[in-house]
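Data block below; observations after.
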């Protein structure tokens, strides 16, 4: 009983000197895995206006609008549930998922990506990037 | 000559009241301990803790100050149908009561043989006991005045908790008083000049450490504040500056409790003279040892929050009456029986 | 003193999106009446308006932040039973891997909440940190951390990525080693034991009568697990045991979860070792033939029941979801009679009720 | 006689006990039995299943709205701990007067399930101790939402149309 009372004391003290594995996010960014689904991006040239993506979307996040004499989807990131169904169904591979995870807006309307914004790729991350492998070393998981 | 005091005496008095151990010291103590607690607990939990505020990069040293500044900017909300007088007076009263006991604790020995203490009285031990006992009444008053169910439950829990820790504390102090033959804290320290009471009275030390943790409502005894059960206990309704005062008073209390245990069991300021400090003044050397002992006690008390789950109120009462009080009584009996061996060891008396 | 009505939640540190109406006499809770529905999204109705494929991301949000892979599995089982569709072997293994990884993550989450209920925040951070390892793994496999939409009708959507096997085994080794710290810090901690033992004792006979499922039922000493009773996917090929508790108190409910994590690690090791090569998906028609079925799967919190009535169109005619937390909810008023107020959070969290799961 | 599976034995014993009230009883697949009874006898059949056959673990209570046939179907799914069989005890009640005897006395665990079925389909369970709204908001005044004639508006336009329709009608 006494051992069970005192043991956590030493265990806690021991952990106080272990390395934390927090990612200090705005300064250091975690590199996401290859498959990670951030948000959808559109390649306008490939789009054939077939409406498949609009039909399959469970949350009605996509909507057809006219853009440069062509019907292309418009994207509402606020409704999107990142399920990848539209990317899979697209016959010409015009839609794809990118690693952008930081999108916040002041209004709900700001989440609506008009086709020109929808088709833009975000700027590559210039800041310090940390990978899961480095984190694993900190955690003590990696064995070589 | 003002009020019968000479100029150096007035300077010393101002120094004592305003800087150490008066106003500035508990504030600084509170700031450092709040920062340390957050940082240290964060490290136990494998987190980082406060990071950005402060002079040294990535330490968050000024986070408590930033929090305090934020809190005093906020609106003070008084709940409907609250007893406004009691509700508003309680945080101030808590702060005053918490900072009062520091005035009677001697922190160092001056070269002329007197003590570094704001107000010297031969009955300081009894006075401090009285001050500690006054605190739960403020909690009950505040909890009742808030006119909220959670506050009332928290206040009643605080009052119940008093029953658990007050008697063991009194009994342990009695044991100390018997051993040293005085209620004077300074005399108690002098009695420990050759051997600490912690070694002579290990059971009493453990009893008083646990009981004082309950007195401070530190985990595992933070039952009046139990977040998961009663939201935040008796101060639930307090906001802004009033909340800040209550929080600061908690740490003032921690300051006086660790000081008291240091004086009673760890030999107060006694310790080998530090060369550099001793050259300036022997008072500083004594204060250094005093603060070091306080710091170790503080770490031990803070650790409780990182490693123990909270007890239930009936379990605490059970532990208080069936474990701590018998232990304290055993300590008194041992003190009586072994008087012939330890009496020659004590100095000063 | 007369009896006081105390409303606990939905704005309360521990109750989540629940409200409890307590009758309190001093420090004693005489009666607890749960008030649920704060996260009711009407998923059963939503499912009737969407096609079977569109339902995938909706259904997994029944219990999204803890156990979406296990939740989804039942939905796919019921569709495939009505369709008579046989899933490729490799897909079955991948489904099991995702579900078991998710079970570990969910149990670690439950343990973290449990330690918060007792007031020990350290274990909250430790278990959440180690849950992160599992989520990293799932991210690598499925592309998402919480809501995977990984399994689909007729198989799974992605194959195992390169290096997944080694990484998974490494992390499972680490987790197994780490469990020792959990035992030392939490389960063997004397303060924790006196706080949780003999609190909220659920007798086996009561547990069966009330229809309790999952780890809560097993903690009461009843050996019932859908994975063993009617094996789905490939669970009949793995060698694992069902841990049961002795007393059915809150402590046992947590201990059973920790033991289940160990069993899940065993299953995962076997699955990663035995996984065959082959296709990962079979084409499934969008229309489900007329029929009905009721399937049960063992998700992390217990047995998920799915009842599907299909009228031969692209949309389900009726999809009834019976989540485990909804079935376990009835244990809460049963256990919270004449208990101290301080035990309410412990009993509540030990049942591992998730408001989203209860409300659907 | 050939060896009968445990599911078939259950079907036979129920048929033997209630020859007139059981409309249909069949084995769906392994571990699944479906028993269809008249609505006035569901309590007795439930009691028989619990006491004689050992079906003690209530799994689910579900309602289905067959709007074309103007009737509701209520299904009690009960699991047997030692037989390892799930029985679906089902009955049909008219849509205009949906009243059924509550089975809470038989299976205590059906308490919340029946409450949910009541609020989602408007099926009255006679003898239920507390039929009040469980999941829906306290001020819910619309029709029971899982009935087929309840229209669920999802987009803003649909919501607006629904509002106009309700205000006008």
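Here the chain labels run A, B, C and D in written order, and each chain numbers its own residues starting at 1.
By our rule, a contact is a pair of C-beta atoms (placed from the backbone, for glycine too) under 8 Å apart; a residue touches a chain by one contact, two chains touch by 3 or more.
Source: prediction; values computed, not measured.
Shared contact partners of chain B and chain D, listed by label: C.
The chains in contact with chain A as well as with chain B are C.
Each chain gets a centre from the mean of its Cα atoms; the one farthest from the centre of chain A is B.
Chain B and chain C have centres, each the mean of its CA atoms, that are 45 Å apart. Distance between chain centres (mean CA atoms), chain C to chain D: 25 Å. Shown for chain D are the residues in touch with two or more other chains, namely 154. In chain B, the positions touching at least two other chains are 44-47, 306-308. Counting partner chains per residue, chain C shows two or more touched chains at residues 122, 126, 129, 185, 189, 191. By the document's touch criterion, interfaces exist between A-B, A-C, B-C, C-D.
Across the complex, chain C meets chain D through its residues 36-37, 40, 42, 44-46, 49, 208-212, 222, 224, 229-230, 293-294, 296, 303, 305, 307, 309, 317-318, 320, 322, 326-327, 329-330, 359-360.
Those residues of chain C that touch chain A in the complex are listed here as 50, 53-58, 61, 122, 126, 129, 133, 136, 139-144, 147, 149, 157-158, 161, 170-171, 174, 181, 184-185, 188-191, 193. Note for the complex: chain B touches chain C at residues 41, 44-47, 149, 153, 156-157, 219-220, 222-223, 226-231, 305-315. By the touch criterion stated above, chain C contacts chain B in their complex at residues 4, 6, 12-14, 24, 27, 115-122, 124-126, 129, 185, 189, 191-192, 194-195, 340-345. Per the touch definition, chain A reaches chain B in the complex via residues 8-9, 11-13, 15-18, 20-22, 24.
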